[in-house]
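Here the chain labels run A, B, C, D, E and F in written order, and each chain numbers its own residues starting at 1.
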Amino acid sequence: MKIGVPKETAADERRVALTPDVAGRLGKSGLAVLVERGAGEAASFGDEAYQAAGATVVPAAAALFRQSDVVLKVQPPSRGEVRLCREGAALVAVFQPSAARDAVAALAARKVTAFSLALLPRITRAQAMDVLSSQATVAGYKAVLLAAAAAGRLFPMLVTAAGTLAPARVLVLGAGVAGLQAIATARRLGAVVSAFDVRPAVQEQVESLGAKFLRLEITEQAEGSGGYAKELSEETHRRELAFIAQHLKDTDVVITTAAIPGKRAPLLITAGAVGGMKPGSVIVDLAAETGGNCELTKLGRDVVRNGVLILGPANLPSTVPYHASQMYARNVSSFLLHVTRDGTLVLDFDDEITRDTCVTHAGEVRKP
Amino acid sequence: MTYAVAQVAAILATALFIFSLYWMNDPKTARHAVVAGVSGMLVAVLATWFQPEIVHHGWIVLAIVAGFIVGIPLSLVPLTAVPQRTALSHAFGGLAAGLVGTAEYFLGLTEHPAQLTAFRTSAIVAEVILGFLTFTGSLMAAGKLQEVKWIPQRPVTYPGQNVVNIGVLVIAVALGVVVVVHPTAAWSGQVFYAIVGLAVLFGVLLIIPIGGADMPTVISILNSYAGLSAVAMGFVLGNKLLVTAGALDGSSGLILSIIMCRAMNRSFTNVLFGAFGTVQKTVATGEQKAWKQETVEGAAQLLEQASLVVVIPGYGMAVAQAQHRVRELYDQLTKRGITVKFAIHPVAGRMPGHMNVLLAEANIPYSALVEMDEINPDMPQCDVALVIGANDVVNPAARYAKGSPIYGMPIIDADKAKTVLAIKRSKNPGFAGIDNELYVQDNTWMLFGDAKAVIGELVKQLAGGGGLH
Amino acid sequence: MNDYWSMVFVFVLATFIGLGVIRRVSRLLYTPLMSLTNAISAIAVVGSIAVTGGEYPKAIRVLGAIALFASMTNIVSGFLITDRMLKMFKKQ
Amino acid sequence: MKIGVPKETAADERRVALTPDVAGRLGKSGLAVLVERGAGEAASFGDEAYQAAGATVVPAAAALFRQSDVVLKVQPPSRGEVRLCREGAALVAVFQPSAARDAVAALAARKVTAFSLALLPRITRAQAMDVLSSQATVAGYKAVLLAAAAAGRLFPMLVTAAGTLAPARVLVLGAGVAGLQAIATARRLGAVVSAFDVRPAVQEQVESLGAKFLRLEITEQAEGSGGYAKELSEETHRRELAFIAQHLKDTDVVITTAAIPGKRAPLLITAGAVGGMKPGSVIVDLAAETGGNCELTKLGRDVVRNGVLILGPANLPSTVPYHASQMYARNVSSFLLHVTRDGTLVLDFDDEITRDTCVTHAGEVRKP
Amino acid sequence: MTYAVAQVAAILATALFIFSLYWMNDPKTARHAVVAGVSGMLVAVLATWFQPEIVHHGWIVLAIVAGFIVGIPLSLVPLTAVPQRTALSHAFGGLAAGLVGTAEYFLGLTEHPAQLTAFRTSAIVAEVILGFLTFTGSLMAAGKLQEVKWIPQRPVTYPGQNVVNIGVLVIAVALGVVVVVHPTAAWSGQVFYAIVGLAVLFGVLLIIPIGGADMPTVISILNSYAGLSAVAMGFVLGNKLLVTAGALDGSSGLILSIIMCRAMNRSFTNVLFGAFGTVQKTVATGEQKAWKQETVEGAAQLLEQASLVVVIPGYGMAVAQAQHRVRELYDQLTKRGITVKFAIHPVAGRMPGHMNVLLAEANIPYSALVEMDEINPDMPQCDVALVIGANDVVNPAARYAKGSPIYGMPIIDADKAKTVLAIKRSKNPGFAGIDNELYVQDNTWMLFGDAKAVIGELVKQLAGGGGLH
Amino acid sequence: MNDYWSMVFVFVLATFIGLGVIRRVSRLLYTPLMSLTNAISAIAVVGSIAVTGGEYPKAIRVLGAIALFASMTNIVSGFLITDRMLKMFKKQ
């Protein structure tokens, strides 16, 4: 069975689905790996490294798609890429089917068996394949670096001959995987960190990182299935907004990561709340891609309002391509090994992982 | 003059015995303890032997030689059989005391009736009852431990057991009172034999309802009884050395069994009184494994003796914010030349890299961190696996329990270490919500409590070197 | 009488010492400690010698000799095995 | 006596010479403070804040210069600003006279008494005025953030279900004030840090931050006066270059800060040495303004060579305007109070601080 | 029967005294100790009083009432005078023992010469010598401590002192031997008086060469002597309670003085034998300001007693990488309810924010950090200023020494604290290369050594609470 | 003679107990401990009572009474002051 790794075509995507290291491992377990020329370059993985690991470097995407039984990608395939796919081949990438209906339809039409790792169940044995977690880790870390680089102040407290610099107060909204990593990173830099989330279980986790948890008494059940959050009732949401606005007043840096799977990101910071913040403050909205946690966020753009800088970065993991690719490659190869047996793809739809991730198969769209 | 020599010898021997026990507190001095004990015993034997009353030496030499001939092989039993050997030894000790008591009584009866004062006679009776019950009790215990086929290993209980047991003892004591009141009556000898018989019987009855798990404690109590019978012998013979040595022995046996009961979560009174009433329940559950608790002192000692300690941190370390305490522990252990590794499971904690964040904060060097795949082959060489608030990531069920939510997850093989010390607050499960058999494994000892507090105590132990309070 | 009270006194004091000394023993040493106290409890050897070697009827002395043999076995095996166990505690 | 604080005119200069807080303190000690409108805006200090602190906001620079007895600036004055200066007035800023000969000549011509805090002696009692230290602190911190944001990898070690991320290896060349702060910041982020400097006294300081010192045995005396370094002999320099090149091979991030006062920055990384580095590595050259420690550095530009990214940022402190201004203001006000007595300027050229910092006075150029 | 009661009472009282001392191990149980002690004493007094031999009660009542009348006010002395009071009390105890011994001797001499066996007479002589030397020795010690004007506070030494002192003691003992050999000779009474006189003299001579700093140790030794004299009295009277209580007292006094000597870095034998030889040197150096060293134990105690501790870290903390140890210290102190503040000087260390970086790494909360300007007004309220490897930033010369390179630099006013503890490795200066008078200030105590090691020891002290081994 | 040996025995045992018990005292408690042992050392009161209350010549009994007074002072002030000091150890 041949595994193909094309060069990512999406703009600003610097990751690659397989690193030489992992390609080598797959090779050892009996799979042939084809890599498009220059696929890993943006992530600092040269073609020689792939060759040294036993992979074959293929000059062009078309040839690669033609030969591959399974294509490993990061971003959902473009129209062109779908067209290149061999009928009956398989493809693995990360996307929400609802946000990529065209691609899904095209894939089904082409009878490609497509998997989206974004749909992976959050169960213990799927942890090694959990790209959402691994990429969120990178995003949470990077968000803090962006904020620190953009802030007009230093994060740590410093007592110097030129006066004492107060530590930055960082507020993290939404303490899932990205939020927790953001907390850890901001604390490492010496900031005073507090965090808020609607799921009560998170309090202990936040405190386990040495940060302060801001507690809003919520009567309704905010935790849905699989450890994800649910949407809140309007009344609770209103209380939440007021609560956050209150805390924003003496915050220097805000990192927002709140998300609800398959839904628009919840609104946590209104334009009014931004108005209440001190000039020079920074908001990094990690939910920009799903609509933003801040009312003023513009995806991929820097917005300044009342002296407050609001960053809505797109695809942060891609900006740390080396490690993000390394983790992605591990995830995707774990998944690949999960769905192959003795070098061929074996689809067992009784298996939760296979069932949940398979978007199209045999011409059918399995996830709407 | 010989009297003075005997007294000085007695004082010297007493002091040596005390030092012997004292040095036993610490592995570093423990071997002096043996030297002191042997010297004390030598002093005692020689001083007694050279008393002018000792006129026949042949038998003494004979008996001593025989003692060596039997004793040396007995000391070479495999270490797994040490408990049996100790029990057997207690049996000998009890027998000796019982026999000497009997000899004293009949000596009094036949030769010096005046010597059978109420005090001496009481002492003789006490000596004989304690001696013979220790004799048969210890034999039974040894048999159970050795798994001799005609002694049932599991606790044997029957209705009315308490009444029967107590009855036998009461009758023996009552007969003893009779002998004390009429020490030289014509039938006193017979009564005395009856006492011996009842003591022998009681020893057997005492052990029957006790299960194997409690045997070490029972042996310790029997040790205490052996000591007390020596005290009684001392009263009979007017020998202070016997009294002190016996008292040392009696009290240490007592303390030891109390400590062991506590460590094993057993009621001391239950074990003391032959499990009258309740122990059956706990013990009779049979095969089901129990949680064993270790004291901080014991855990500190275990760590001190190790040469490779693998620390396995989990979410509990994070919750307790114990990372700085862990670093102190790391310092204490490495200072002693012990190799300490931190085995980091990929999903320990609640976010990727959770353990790294904390250990880096506490400045644990990266070189001390080892990944799961690297450490697992070394786990069988690990002397102590210290599990700090980790649960799912060390749950052996992940290897085989098909239905389990963690089935198939690779784990850190803490269970393969020689000893496991696990810190958690309760018997509650971890993230996955499933039980963890690691905790009830034979070589696992729990340290219940908040990780920060427990490790703080451990560090205190290691730094300050003990003390009870 | 007087002397008996001394005995009781001695007994009480020795018990205190025993309690005080043992409390601090490490769990590691429980097993060797048991063997050691087992050997020390064979102090009954003192009584056995007195009975065996004294000018007493044979029957009595036989009892004494048996007791002496039993105690001696304890002493020898008790100390030896304790030492054997302790040897294993030597550090690398 | 009136103290004037104009808005900085240099491009990309976001700092301001006085913050409202410090302006208020000067006001309390009897000095009248004039601030140009919007002077503090880029550093998040609004005009109202100055007014609240008792300063007068002046709409235009011309008026401000006209009224001020002492003008406090960050950057050296432009031609236009010199022209605005009142004859006989004083001016405080930070510049190397040798690098700003035009401005110095103009200031002298205009009989302005000009001080440059870059010339401050590094003595204990001048510590509170030491702008080089305070701004270098900011630069060292920010350099690491830039490097971390540009690197394709995370700095800390992370053991995750998607594999273990190795910690970044950071090498700091030149461990003066900025270098030490860079070491501290990189260590905070979890990197494995080593450092090199020619002054042997630095070893202890580097180790006092928990980093590793790379030791090159140097026979000559590398420490000059005032704790500064001297230029090395050619032979020693050659050995140094080879030594550094050797260590660069397994380094992910390099921060260079080496400087020799008044001289071009020493060359520490040759183009050849860059060639020996792993692709994806990052060099941040803090000496870019004085010629760069790396042969390939281009001031203010990102250079990529063999996959290695070389940043030569200009004026880093200005990118952290809030705290940099806060420290600058404290420094400059300490200096001001040092050279004034009872509300008037008193120049005592016997005083080391006054003597060393005064560049022009009474029409004379005192520092060439 | 009364005899049995007396014996039981003696055993009971002994047990109570043992528990009393045992409970003193721990502040939590220490107040039980007093209850046990009082009960033991009550039992002892009543049991003795109700013996049939006691026939005159009037004087007893009188003496007891008098004892209360004097004892109660004595117990209300200010706490600073407690050492004197204890010494005075020892004097009373010694006096009592001496008087009883004297009474016993003359009773034997005049009424029951047969009772003056060699053993008893030896015991009496020992009791009297110990009692009277304790009496005058304690009086002298009390006088020195109370700074009574006609007792020189400072150690008084003269050539040949050792010979004289030992001579006096030897003569007393020799005379004692004479009395033991001829207890009832016509001149024995005179010899006995001579012994008493020499003991009284020896007590004075013993204390004269000892300086005030060693007084607590001396008092503890005198306590030991008082206990031993009670033992001797017990031998004389055949009273086991006296023997045990006296022995408890004697041994505890001994141990305590050994511990104290170690803690104060004094040679025990010097103190024991009246400082023969060496102690003078250390004490007599006189006016020139000297570096005074404190032991880790002493420093730990100082910290423990404080309610506000201000830690002043400097470059030395960074060099030693002691930040994690500092955090442990912080934990230990705050755990005890002590307020701990870190006073951060703006230029401490070698880079701006150097201390912040390290303290943050050790996770010291920001709220515990205080800037120089904020802490300085509070320094006079600070019980202990703990200077950790800081030098220039706490050098008072910065305030007034015009020529000094640091003149004019604001400093942290460590010198204004009630006590200063300073940790550094040597007497070398800091960055600025100038001496620091803070270190030789009256209330400053140095802890020489690497900061990490020293603070580690401090933490160990605070955590483990001492212990001898 | 016999009894004297008991005494010596008792003395040795009690010394062991004393050594064992005091070793672990916390430094904090040294001062109160000294007062306490000071009070306990006034056990000489037992001897004083015997001398004072016995059927002896007056001179002897006077010595006894003085001794009794001295011991009693110790007992009273020793225990009271110990208690006073210990009261101050109560933590907030």
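By our rule, contacts are C-beta pairs under 8 Å (C-beta built on N, C-alpha and C of every residue); 3 or more make two chains touch, one makes a residue touch a chain.
Worth saying up front: this structure is predicted, and the values here are computed from it rather than measured.
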item	value
Each chain counted as touching chain A and chain F at once	B, E
Graph separation of chain A and chain C (steps between touching chains)	2
Copies chain C and chain F touch via same or different residues, half shared test	same
Where chain C and chain F are represented by their mean Cα positions, the distance between them in whole Å	34
Approximate Å spacing (C-alpha centroids) for the pair chain A, chain E	67
Whole-Å gap separating chain D and chain E, where each centre is the average of the chain's CA atoms	58
Separation of mean Cα positions, chain E and chain B [Å, integer]	40
Residues of chain A touching at least two other chains	127-128, 133-134, 137, 156, 158, 160-163, 165, 188, 190, 210
Residues of chain E engaged with two or more neighbouring chains	14, 18, 22, 25-26, 240, 244, 346-347, 352-353, 357, 360-361, 363, 465-467
Interface hub residues of chain C, defined as touching at least two other chains	2-3, 6, 9-10, 12-14, 16-17, 20-21
All touching chain pairs, where touch follows the definition stated at the start	A-B, A-D, A-E, B-C, B-D, B-E, B-F, C-E, C-F, D-E, E-F
Chain A residues touching chain D - in the complex, by the definition given at the top	14, 43-44, 46, 127-128, 130-131, 133-134, 137-138, 141-142, 145-146, 148-149, 151-154, 156, 158, 160-163, 165, 185, 188-190, 278-280, 307, 319-323, 326-328, 330-331
Residues of chain E that touch chain F when the two form their complex	14, 17-18, 20-22, 24-27, 30-31, 33-34, 37-38, 40-41, 44-45, 48-49, 51, 53-57, 59-60, 62-64, 66-68, 70-72, 74-77, 79, 82-83, 85-86, 89-90, 92-93, 95-97, 99-100, 102-104, 106-107, 110-111, 119, 216, 219-220, 223, 226-227, 229-231, 233-256, 259-260, 263, 297, 300-301, 304, 336-337, 465-468
Contacting residues of chain F [partner chain E, same complex]	1, 3-4, 6-7, 10-19, 21-57, 59-61, 63-87, 89, 91-92
Touching residues on chain B, where the partner in the complex is chain A	315, 318-319, 321, 346-347, 349-354, 357-358, 360-361, 392, 405-409, 432
For the chain B and chain F complex, residues of the former touching the latter	3-4, 7, 10-11, 14-15, 18, 22, 240, 244, 467-469
